[in-house]
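For reference, the structures are reproduced in the following blocks.
Two complexes come next, and they have one chain in common, chain A, joined by chain B in the first and chain C in the second.
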Partner chain A sequence: MPKLAERGIGMDAQKKLLERKELFDNAIAFKRNKRVPMLSNFFTWKIYDAGYTAKEAIYDYAVMEDVVRQFIERYQFDAYFDLGTRNPMRVTNAFGAGRHYIDEENDTVLVDDHTILLRDEYSEYITGKNEWYWSKGFKRTAKPGLTIGELKNAVQEFLVFGQFSEKMSSMLSSEYGALRTASGYAMVPFENLFLTLRGMREASLDLRKSKAEIKECMDFMFETESLPMLEQSLALESNDTAADISCAFLGHSVLNTSQFEEFYWPYLKAIIDKASAAHKTIFIMCEATMLRFAEFFEDVPKGVLFVQLEQDDVFEFRKRLPNIAFTGGMPTNLLGFGTPEECIEYAKRLIGELGDGYAFGTDKMMSYRNDAKRENLIAVCDFVREYQI
Partner chain B sequence: MNTEELKMAIGDLDEDKVQALLEELSESGAQTAAAALSACQEGMEIVGAKYESGEYFVADLIFAGDLMSDAAAVIKPLLAGEAQEPIGKMAICTVKGDIHDIGKNIVKALLEASGIEAIDLGVDVSPDSIVESVKKSGVKVLALSGVLTLAIDTMKQTISALDAAGLRSEVKVIIGGAAVTAEYCAYVGADAWSLSAAEGINICRNWLKGV
Partner chain C sequence: MDDNMHINDSDEVDFSYPEGFEKAAKSLDFLPDDETRRQILLALVTGMAMQ
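Moving on, here comes the complex of A and B:
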């Protein structure tokens, strides 16, 4: 990746980027900062806050750009998990692959649990993945009777989305001097089964009904998909991101400890080990809880992981895993139903007790109108930005 | 058929063994079928206990729900009038604005396994529909589920609607799902909340037994 100046980023934005990058580098490495960095985990909430409906923003990139600009300018986080590019429904709907949809009555984005790989097709996937995709997976993903014209349209939508995504990333760094979460990506195979191929319910059943098959398939996926993706990600530079590699941590939310040890941890550990050896950092986007698996993470070297926590008690997390930096902890129920003073008091406690190794953030992805009040979020962001550790 | 073995097989989520034991059952009489159903329910209590202890988690509860449904499908036709009287009946649903049903279905399966008749009102159910169903069925216990924080407001509206219909004092309400917290429980005005299926079922069972 070219240096910042070579990418047309002005001096003011460069200065902000470098300052913010240093804040996150220090936080991940547990080095003392002058203030805690702030990471935005806001998704559709910012659409409502900007005065639009989900449908208006998600299907119109000019509106979404306005949404993101308003959000950045109003709250001034240091890094952003979403830039209006999560769940590109124009693309998936054009193809027919969309399991996400907008509930217009409630103005929310919802997703259906879905299956495109059947339980008896694991071996077929291993022996001929491409053939399986073209003969079965593709058909189950696309809308029935997809025409060549519709397919071309979907490809066109994909290209338009790529341009929009690139524009938003460039805007963030060059105009606002702010960071994205990571430049590379790593995938534990169970996540692919859980999110895409088998779905939450069927993947859960497979752990007992098709134990050998699911394990064999995950070994195959790790070798042929996860590792090549990781190697490419490790080669990227990350001068405008909070961490180097992003890794989803969602499927663990259904696993018991034995299942986690057998079906998840070996792959995640291999990813962590490779990143650590390459002196890279991993941003883990954790849904639900993670402390159930604390014992597995005890020996992860300090300075490698940076976790977005959701339902875990952040104070307990710090005691149990003092080797892992994290963001999160600001309660949605306070931001949504409390007062600015209550929010500031809680933020003060978070920073005071967590300090080094902590980046300010919310306790969940902010997706609904009642997740936060504007005055509460402005108050708390202004406070955190100015508060000296 | 050995009911103790069936109970343990359900508790261990040993699908092959459960199926083998249930095959023996088809040749037995209605009394054995009733004993088998009780054994399955006791087995589900073991599942609940293992969940509480941390040995089992969500994937296991999904599996257990299916295993219990399959077992019930074999046993119930054989009961021939030997059906057990339920502890009581209650209603359960995912509230308006939320379509998550996996957690709700797990709780429903465990409620039924513990001898409670659970009337499933579905997902994305409006306050008015819930009130109508409560009136019609006469249930005294209502479980509201929601994963999205958006559901919190609908839960509050539902409890207000129960109040407006003059039903609130007669109906105990428990809320559950990833969105709920003690603070939200107080905010919506529910009688109890839980993130644990097993704990929630104990609360409902105690309410229905008048404990």
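Moving on, here comes the complex of A and C:
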């Protein structure tokens, strides 16, 4: 990646980027900061806050750009997880399918658990992955009778979406001097099965019914997909991101400890070890709890992981895993139903007790209208931005 | 496949492999070359389409 000036980023935005990057570098390394950095985990909430419906914003990139600009300008976080690109439904709808949909009555985006890869197709995936994707995976996903014209339109939508994503990333750094979460990506194979190919229910059942098959497939995925992706990610510059590599941590939520040890941890540990050896940082997007598997993370070197926590008690987390920096902790029910004063008091407690190794953030992905009130979020963001540690 | 084969927008997508895949890739005439067409189509069907 070219240096900031070579990418046409002005001096003011460069200065902000460098300051913000230093805040996150320090937080991840548990070094003292002059203030706590702020990471936005706001997704569809910002659509409602900007005065639009989910349908209006998701299908119109000009509207979505307005949503993101309003959000950045109003709250001024230092880093952003989502830039209006979480739900590429224009692409998936173009080939007549997609499993995400808008519940217009409740104005929210939903996804149903789904299965694309059948239990007896693991070996087929291993021996002819691209063939499986085309002749089975995509066939099951596309609407019946999909025409070449419709497919061409879907590919064009795919390209337009890519351009929109690049535009939003560029806008964030060059106009606002703010960071994305990470430049690279790492994938634990179980996540790919859990989230997409097998689905939550079926992937869980496979761990009991088809242990050998799912393990063989995950080994194959790790060698042929995860590791090459990781190697590419490790080579990237990260001068406009909070961390180097992002990694989803979602599927662990259905595993018991012995399953985690056998089917999940070996791959995640290999990713952590490689990143650590390369002096790179990993942003882990954790849903549910991580503390249930705390023993596995005890020996991770300080300064490698930066975790978005959800259901864990952040104060307990700090005591149990003092080697892992994190963001989160600001209660959604307080932002949604409390007063600005109550929100500021709680933010003060978070910063006071967590301090080094902490970035301010919310205790979950902000998706629903009632997750926060505007006046509460403005008050707490203004406070955190000015509060000296 | 035959470079001169005519592909109509109204044709149904053929999910055979590699023939149907190649035909679909070939139809993406707004992309610069065959290799780019294959790569973009594969990126769509192995990535975003699986979400």
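We take it that the second predicted complex is superposed on the first by the 387 of 389 C-alpha atoms of A that agree within 3 Å, B and C clash if a C-alpha of one lies under 4 Å from a C-alpha of the other, contacts with A are read in each partner's own complex, and residues count from 1 in each chain.
As a working rule, a residue touches a chain if its C-beta (ideal position, glycine included) is under 8 Å from a C-beta of that chain, and two chains touch if they have at least 3 such contacts.
If you're wondering where the values come from, they're calculated on a predicted model, not measured in any experiment.
Of the two partner chains, neither chain B nor chain C is touched by A:A235. Once chain A of one complex is fitted onto chain A of the other, the partner contacts of A:I389 are absent, as it touches neither chain B nor chain C. When the two complexes are overlaid on their common chain A, residue A:I116 makes contact with chain C while staying clear of chain B. When the two complexes are overlaid on their common chain A, residue A:K152 makes contact with chain C while staying clear of chain B. In the superposition on chain A, A:M11 makes contact with neither chain B nor chain C. In the overlay built on the shared chain, the residue A:D103 is in contact with chain B alone; chain C does not reach it. Contacts of A:A277 after superposition on the shared chain: neither chain B nor chain C is touched.
Contact residues of chain A toward chain B in the complex are 103, 106, 108, 110, 112-113, 200-201, 203-205, 207-209, 253-257, 259, 288, 292, 311, 332-333, 336-337, 364, 367-371. Note for the complex: chain C touches chain A at residues 7-13, 15-18, 20-21, 23-24, 27-28, 30-31, 40-46, 48-51.
If you check the complex, the residues on chain A that touch chain C are 88, 91-92, 95, 97-100, 116, 128-131, 133-139, 141-142, 145-152, 154-156, 158-159, 161, 196-197. Residues of chain B touching chain A in their complex: 13, 15, 54-60, 62-63, 66, 96-97, 99, 102, 148-150, 152-153, 178, 181, 183-184, 187.
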